[in-house]
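Read through the structures below before going on.
Common to both upcoming complexes is chain A, partnered first by chain B, then by chain C.
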Partner chain A sequence: MSSANSLLSTPPYGLNKRDKAALYRLALSRLTQKHYQNCTEYRDIVDGLGFDPTVKAPAEALPFLPVRLFKDFSLKSVPDKDILKTMTSSGTTGQQVSKIYLDKTTASLQTKVLSKIVANLIGPKRLPMLVIDSRATIKNRSHFSARGAGIIGFSMFGRDVTFALDANMALDINAVENFCAKHKGQDVFIFGFTSIIYQHFITPLQESGKRLSLDKATLLHGGGWKKLEDIAVDNAHYKRLLEDVAAIDKVHNYYGMVEQTGSIFPECEFGHLHASIFSDVIIRDTALKTAPHGTKGLVQLVSLLPESYPGHSLLSEDMGVILGEDDCQCGRAGKYFQIFGRAKQAEVRGCSDTYVAK
Partner chain B sequence: MSNLEKYSQAFIDAFEIEDTGTVSKLEYNSIDEWDSIGHMGLIAELEDAFDIAMETDDIIEFSSFEKGKELMAKYGVTV
Partner chain C sequence: MIRMSQNNGINILAGQIPETAKANRPFSEEVCDFFSALSAALLRDPAIKSEADPDVISFAFWCRKSQIEAMHAIFKDEYIRLGRGIAFHISPGNVPVNAFYSFAFGLLSGNANIVRLASKQSGAVDSILTVINQLFAEPQFSSLAATNAFIRYDRDNLDATKQLSARCDARIIWGGDAAINDIRKSPISPRTHEIAFADRYSFAVLDAKTIAALSAPAIERAAVNFYNDTLLMDQNACSSPHLIAWLNGEDTAAKTRFWQAFTVYRNKKADLEPVEAVDRHTRLLSGFITGPEQQLQTQADDSLLRVKLLKLPADMDRLRGVHGLFYEYDIKDLDDLAHIVNNKYQTLTYLGPDKIDLADFVIKNRLDGIDRIVPVGDALAINAIWDGHAVLKELTRILDVR
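What follows is the complex of A and B.
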């Protein structure tokens, strides 16, 4: 049985540094061996690095694959007949997309882990939900983009799911106002992608001069900041805008990538991104050596979920810094960190960044 | 309509099933219609039909027609 499965009854931020390190040595070693035995490309890489897959190494000593390998190669550790679905990053024309192969075990783990992490933010009950996107995004079932998969994945935590944008990505103000009226005074859940919320929710509300009263809402958003960096909108500014146009004061960004769906890193009440017990973050310097906390570098992501593809230890193209471990004011154990966006010369990608407005 | 009929009808409506004799054999992903989108449609049908609000964990556990019957009992619905 997977280690992630046995952790499902543990509080998602309930492991301190020592316990997590001990658990990860065993869990990651099992995953490394599994992928070594079942994925030829992974075996070649591990052999090429001279790494002994049977060693129970700490997370920092494990081989890590650059995420872009998932664009260039079909990396999987299960026979084709066991592949339930293939997730792709939503690349625009001309960019290659990542292909992530999920079997039943991995897909189910992703859903369960995501539900534990989201419940930690919004509580265990399903809340009325507003999706800041168009229903059209999930219409084409045979071709699932990361954006569509994100919307469906998060819809599980909502009820009375309402889409705020019409098929042309225009704000459906009637639908949104009806939603507000219907659930007035109740806790609600709002989900969307960072740049889409800015472009198709915040901006049209500013232009119309309408102010919504979603003061009981918790808004969760992710998908990348690249587009907003270009117009100099940072996280603090973004939060102020949401408070201004819709009275939303509980806004949580999350960091994550399609290559490790499920084990996302949400932002706490103090503005820090947190690693749950299902994943971890390591920062690497320009020589790819482990960097101490407080030092900026390339972000390596570790996850216990990938059983069907060798994605348990990946080097992202993002820059970040670890702010601390086990001692955030919010009380969650584990590392907490900040992301600064793509490293220079990295490709533009991210499920909302690659969306191009018409 | 009996609870079993209402329960079966939710599957038939959610997945637009024509051969209604096969409904009790259904499992998650056993037909194209019962994918992650179809799943949320099914849950909405069941919640409407029985006037219940299911918890996320139960939605995740809802892996087949038969498994669903067990879960409905948690909400006071005997199928």
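What follows is the complex of A and C.
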């Protein structure tokens, strides 16, 4: 049985540093060996690095795969017949998409873990839910985009799920106002992607001058700040805007990637992103050595969920800093951190074939 | 006749697009004076620092008077030569400064030039362009200003490429294979001569015995030279070695000595950018998957990554290092390399072996590739013979008088 499964009855932020490290040595070693035995590409990597997969190494010592490898290779540790669905994400590095292969075990773990993490924010009961997106995004169920998968994944924690945008991504103000009226005075859950909420919810509300009163709502949003950085909207400004246009004061960003769906890192009441018991974060310097807490560097993500693909230890292209461990004012144990967005693209030099034909 | 103006999407950054071109004698006084003036102005320019702009400084030295004279001396032969007319240069996206070398070849050989610069902004290109604009404004160079242009236009502006290609008498394409194929969709006239500098692969042959015997200053110099061949251009230049073939490689102490000297020098230079660190790690891991059996000789988080190959596959040229990732393989003699060389191979840099033996290796094995055999340190030294072409001569026509 997977280690993540056995943790499902533990509170999602209930492991301190020492206990987590001990547990992760065993859990990660099992995953490393499983992928080593079942994924040839992963085996080539582990052998090339000279890493002994049988060693119960700490998370910091494990091989980590740059997420781009999931674009260049089909990495899976289960036979094709066991693949339940394939998730894709384009990312921004190029034309190729990441392909993440999920079997039943992994897909089910993702749902269970996500539900534990979300319940920690909105409570265990399903709440009326407003999705700031269009229903059209979730049409094709066998081949998920990261956005579609996100919406479906999070919709499980809601009832009376209402989509705020029409098929053309325009704000369906009637639907939203009906939702507000119907659930007036009740706790509600709002979900959407950071840039879509800004562009298709905040902006049209600002323009129309309409003000919604969603003061009992908890809003969870993720997907990255790239587009908002370009127009200089940061997290604090974003929260202020949501308060202004819709009276939403409980706004939680989350960090996560399609390569490790489920074990997301939500923001606490104090504005810090948190690693749950199902995942961990490590910061590395430009030599890829582990960096101490408080030092900005590349973000490595560790998750106990990936059983069907070797994605339990990944190197992202994001920059972040660990703010502390086990001592956030919100009371959650584990590391808490901040993300600065994608590492800056360096000027390319050389004359190899980097030209991209149109 | 081509009428070019801003409204077809072409942005002229210096000079004027020539409408017609009169064939000039190569190495005309005016042109030689222009390069002397350009070199002097660049070397004097207080805005250009040798540390910050090694590309600009290298170019300034490359086109100084004595160098131009030396090129002229090599160029001279028994034929009367004239420029071909208008040379259209499509410069590389990733070594932007090569545009000026290409321009120099075109101008020195007696052509009018249209140089399309890469769209990517580059400080080195801007510095040199500023000085060229200043020189073009001087009366002495007014006729050069009227017949030479530096331009930029969007990659998807096919009309511009079509018009310029249809009109030019020589087309020089720098770029990856995809870029070259793309440009070739725009036809040139039947008489037009084309030189394509395609994507190439390069390697080094180092003799461990030679390295063991080097004096302390000599090993330092070798390390600096190797750094300049490789990391100066992040190992992305066509002539930068990716594979190091070791002669007498059982002398691991000598190898360590070489790499230590390299690391000492390298660590004085700027650190990797985070993105570069990710790129390098991705390249390393991809190589484990796609390449032959191999072992990382260093830690994955060392500033230098040495990968020892246990076999040398025929498609070795697919395995490329970047940002301080190198592939190494021990050879008994040069012939161990013959099976990997194909027409993608450009430069063999060497330290130790005799260059005559290296040339013999290419000739004897009748290899399709290897166009340059140069000592370590000269990998990037561009000259009138480049990529197997006598570039200056190819940009002229011969007037045969009997």
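The rule is simple: the second predicted complex is superposed on the first by the 338 of 358 C-alpha atoms of A that agree within 3 Å, B and C clash if a C-alpha of one lies under 4 Å from a C-alpha of the other, contacts with A are read in each partner's own complex, and residues count from 1 in each chain.
Throughout what follows, a contact is a pair of C-beta atoms (placed from the backbone, for glycine too) under 8 Å apart; a residue touches a chain by one contact, two chains touch by 3 or more.
Keep in mind that what you see is a predicted model, and the values were worked out from it rather than measured.
Touched residues of chain A were counted for both chain B and chain C, and C has more of them.
Of the two partner chains placed by superposition, only chain C is touched by A:L65; chain B is not. Judged by the touch definition given at the top, the superposed model places A:P79 against neither chain B nor chain C. In the superposed model, A:E317 makes contact with chain C only, not with chain B. Judged by the touch definition given at the top, the superposed model places A:K289 against chain C, while chain B stays out of reach. Contact with chain C, but none with chain B, is seen for A:I45 once the two complexes are overlaid on the shared chain. Judged by the touch definition given at the top, the superposed model places A:K344 against chain C, while chain B stays out of reach.
Against chain C, in their complex, chain A makes its touches with residues 41, 44-45, 47-50, 63, 65-66, 68-69, 72-73, 284, 286-289, 297-298, 315, 317, 319, 343-358. Of all the residues in chain C, the ones that touch chain A in their complex are 92-95, 98, 120, 122, 155-156, 174-179, 181-182, 197, 199, 233-238, 240, 271-278, 281-282, 284-289, 294-296, 300-303, 307, 320.
Only residues 84-85, 104, 108, 111-112, 115, 119, 124-126, 138, 141, 149, 152-153, 155-157, 159, 161 of chain A touch chain B when the two sit together in their complex.
Interface residues of chain B, counted against chain A in their complex, comprise 29, 32, 35-37, 40, 47, 53-57, 59-60.
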